[in-house]
Amino acid sequence: MVHRRMTNQIVTVPCHSRGRFAGRPGEAFGGQFVAPILLPVLDRLEAAYREARADPVFRATFDRLLADHVGRPTPLSLIELGDAGAARLFLKREDLSNSGGSYGGGVLGQCLLAQRMGMGAVVADTGSGDHGVAVAATASRLGLAATIYIADPAGRSQLAMVDRMRAFGATVAMVPGEASMLHHAMSGAIQHWMAHGADCLYVAGAPIGPHPYPTLVRDFQAVIGREARAQIVERTGAPPAVAIATMDGGGAAVGLFGALLDDATRLILVEPEGDGGSRSAAPLSHGRPGVLHGAYTLLLQDADGQLCDIRALAPGASYPAAGPELAAWARAGRIEVARIADGDAIASLRWAARHYGLLMSLESAYGVAHAQRMAATAATGTAIVCVLNGGGTKDLPLVERHG
Amino acid sequence: MVHRRMTNQIVTVPCHSRGRFAGRPGEAFGGQFVAPILLPVLDRLEAAYREARADPVFRATFDRLLADHVGRPTPLSLIELGDAGAARLFLKREDLSNSGGSYGGGVLGQCLLAQRMGMGAVVADTGSGDHGVAVAATASRLGLAATIYIADPAGRSQLAMVDRMRAFGATVAMVPGEASMLHHAMSGAIQHWMAHGADCLYVAGAPIGPHPYPTLVRDFQAVIGREARAQIVERTGAPPAVAIATMDGGGAAVGLFGALLDDATRLILVEPEGDGGSRSAAPLSHGRPGVLHGAYTLLLQDADGQLCDIRALAPGASYPAAGPELAAWARAGRIEVARIADGDAIASLRWAARHYGLLMSLESAYGVAHAQRMAATAATGTAIVCVLNGGGTKDLPLVERHG
Amino acid sequence: MSRRLTRRFVERRQQGRAALIFYLAAGDPSIALAADMLHAVVAGGADIIELGYPFCDPILDGPVIRLANRRALDAGGSLDATLAIVRRFRARDADTPIVLMGYANPLLSRDGAVFAYIADAGADALIIPDLPLREAAALLPAIAAAGLALVPLVSPDGMTDANLAASPGVGGFSYCVAQAGPTGGAAPDTGQVRAAVAMCRALSDRPVAVGFGIKTPALAAEIAAVADGVIVGSALVDRIRAMGDEDVDAAALFAAIADFCRTFRTAIDGRS
Amino acid sequence: MSRRLTRRFVERRQQGRAALIFYLAAGDPSIALAADMLHAVVAGGADIIELGYPFCDPILDGPVIRLANRRALDAGGSLDATLAIVRRFRARDADTPIVLMGYANPLLSRDGAVFAYIADAGADALIIPDLPLREAAALLPAIAAAGLALVPLVSPDGMTDANLAASPGVGGFSYCVAQAGPTGGAAPDTGQVRAAVAMCRALSDRPVAVGFGIKTPALAAEIAAVADGVIVGSALVDRIRAMGDEDVDAAALFAAIADFCRTFRTAIDGRS
């Protein structure tokens, strides 16, 4: 009896009503695969969100702090591609927000929920540091204590991120010895949360984790897509022909795409292909369904169900799973999935720095590399929007080392 | 015959028609105190600017790149001061622009002029690194070669700034062994310029230097004040009661104040008082007239006319002179001058990080510290705007060391 | 077969003794020694074995068991290897129930025959900490059909999804989690354990076994006085790790492990 | 008195020799030795001395002269100290013109009597590289009234503010700057210098002295063939610095400096 087949999941996919996202016929991603101790916490969170969504005061507070704390709206930058017959490439500048990353809306919404639920603390994990900084900054603004789990940082750039989190008053917990693997930091944060669920909310940096997290993150991040859509309509008269985001957890992607689902826009999620080996961080392309951190979704795993040891070049892209809703959109054909190799992303990062004075994070560069590729063959004037998840200062030592 | 009197300058202050700013009666700051070799370059620059200002294409290009390169408009953040009877403190977020500092407009305008004059290169000096990064980024966007002079950087944060400049393709020249003194970097840049004046434009980071630089910088930076004024009118119905900027060269100050001169707004320029000793960077408060880097203005100097060896805590605030127009405004009573000690600025930086999740540069913190002080006694609802010159990541090691 | 598990609790209750349950990771420190390791634990007085199939991200576990999972994986451990160990154990022990413990993904990434395959190897029940009843609901028919039982976990502050606890396929015993943090934590407060056990009894008639943080024979004895079973994990795993640092042959290893388990057996039997 | 300077150029022209001008920083390496250092330079054949009053930010100067300014400041140098040195020099040398060279700020931060004070000390003219004629215009009456002359600098690519070059108070000679960069740079091209000198002659009847980058007797001789004066700065300053590293007494120092200057004198007189 050999059980090494890669297809044919358990046919009766676990399925209850809440937090499920339909993929192919019969496929439902999401769920709440967590220790029973977290279920009451998740149920409370879901109820609080339902209430908050209907509460005009909550919505007004959220909008006010999007402006006064996150620094929204973020700009949209047109990159001239030289050639007169070229496509128009617009970059949605999430790097120019208060904490310098694309996490502002999702973090603000979740922290406001923690406050509404009477909690005094939040906990989060961070790979590149951007999400940790966003959580630390927002917790500071709302008077919450924050604990941030990060893989023991090696380079000086990551140390600068830790310095920032500490300046905001956060406690930074280093998860030792496990390279830059985001999912170990996440496990640390979730363990912390399990031990302090009554007063402490886990704040997700991506639309991953158990229900209701993917829904919360999608809804709170949707401001990215709403702004981008309005900005592009203002500048070109129509929604974009193409929208592109990198799959680094998917917080920016779900935010951008969420507001464009009803348009004719092609939505393209770009996965880091790595160097073809252990660096591939492409769960939508190469994963199969399974459970990680509370969600049934597409995972990079071996035949035994062990997670692949991803060592993606971009520290923010080393999560071996896709968010369940993104997995569903991809399986259902609503979004396209592309892949870009590390070398091409680095070339794109350098190109933008050298020719446009724009230093983007390595995570973002996978999406921009794909956008460049599409722009080269697209019809004249085609409007392509790509979200920049963050700034690249932190990544320069990495890029240097890549040679 | 003793010539140690600190007052009684040469009564017939050198005076020609161009680039003079009237201070007290009989006082005229500015001028072109440069080696004769630079005069034709300055004359060409002045003529080019006169032409450019009248050219709608130049203006449209400037406006387009303010949006698509600099990422303007920058947000305005309201900081809730807790207390219901408090003033309203608005921060103009220059930190949330493409290069993360308040230099975008001035640098863009000057680089466009270099391009218009057919030059292929620019040169600049930088203290904190912010101006150097802005010049490197903008030169990259416009296809100009950039050389940036910086005092040999010590800390890892300044190294990160150097990494950024290099990523944009700039050549970074370290001025050795002279601590963090901006004016040595500036002398290096000016020497470079003198040797390459035909093809290379010096790009000023502050409204200092020989005519027409103070005027160029003021005009190109005015976008800061125009935006801030409009944003505050939109939110409060009127221009701000008070506008505050730190005197770190004055690029942000001149930009903010320039658009508010015709309002009833109190304009307050805050000088770093330091620890009372060699750290004072307060040329408006403690300087007397003299010539530095091409301009007749207020300088921190000894009785012999030697410049004071400023070792300001904030690397961007270690310039011993005020811009000539700011000096004139101060002497003429149009702006008020205040002073803040290092310790108070650091406390303010920490306060904003801890309570508002906002990490500002140390330079900015002098202004914000004064704004806090004023807000404490101002009438309910008084609108105070303070410009944030840049982000504080680079300054965290300094703040740490200060204890 | 979950009946073997139920029968064992009934026997022990009739004897007035609490059931002693040891957790260990299948393949730690070696696949070759694993079946004999289980026999040694039984020889030391275990009534039931909780056998962990290893996972790379054991999110409910503290450092001791995390590292044991890592060692087991490095030694070639997997769900298949775990079931092979169970088969070898069953060849010499048809009585001691084996509860398979592990995380959801290695099961859910298999096809629908996985539960039959597990039962066929000789395991009796399942503990899957990240498969709460609301998510297990759709799988319970297959679990029940295979003759297995999914052991429900009851948290210190109550049971969520209590409505599903009586479904076919849920059973074996109630796993009373003594504290909120990960495994291997501080010793639980006996008063709180007493309350938690009472709550479990109110929720169902199943036997109640208590785990998490029970690291000494004395504490095990205290808990045994109020519960139907006591579960010891990190303490045994840590002992196995410590033996690995000593240079002993297999026989000496098994003897030491049996001796270690016996200290718990003796303490419990002295009290219960 | 600028007449002393004018007279010197006339004398040299009549002798068919180019004037040899040396720059040094007042007070480098010591204030006490400074006047005798000037006498040594004259003994070595200097026709005119360009004496730098030190400034902390000598923006037109390369590293050699920057450091000399630093040394002079560290030794207590200042405008006052420089003028005291001039007074001491004048006590024994009433003939050699002294052109004071330095930056604008130490002058402009004084009161209006500063030019009379300078003339009174015995200096004859001023070179102020950051005071172009357009800025000097308002000061020229006071300069002229004190009997001084502001020496105009003429850049390689022409003269700006040429309309002001004939104003009273401008004079002494035309300073033909041989190259665009700071002092102490590479040797200028003789052909270019020839063209620059011709341009200076077309602009005014004043004698033309050439400076910047003239570091060897051979080059000085080549320039002397086409100009009325040759200015040597960094080469002498660097020699003074090098002597400071040797442990010699004052007499030996002055002798060595005089010898150094004489190599230039000899080379020039051999050619011009």
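By letter and in written order, the chains are A, B, C and D; residue numbering begins at 1 in each of them.
Note that a contact is a pair of C-beta atoms (placed from the backbone, for glycine too) under 8 Å apart; a residue touches a chain by one contact, two chains touch by 3 or more.
Because the structure is a prediction, the values reported are computed rather than measured.
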item	value
Between chain A and chain C, centroid-to-centroid distance (C-alpha), Å	37
Chain centre separation in whole Å, for chain D relative to chain A (CA means)	68
Centroid distance [mean C-alpha coordinates] between chain D and chain C, Å	95
Graph class of chain-chain contacts, one of line, ring, star, complete, other	line
Chain-chain contacts as defined at top	A-B, A-C, B-D
Residues of chain B defined as touching chain A within the complex	67-69, 71-73, 75, 77-79, 93, 96-100, 136-141, 143, 156-157, 159-160, 163-164, 167-169, 350, 353-359, 391-393, 396-397, 399-400
Contacting residues of chain D [partner chain B, same complex]	55-57, 59-60, 73, 78-80, 103-114, 117, 120, 129-139, 142, 152-161, 177, 180-182
Of all residues in chain B, those that touch chain D in their complex	1, 3, 5, 8-16, 31-37, 39-40, 43, 183-184, 187, 190-191, 194-197, 288-294, 296, 299, 301, 304-307, 309
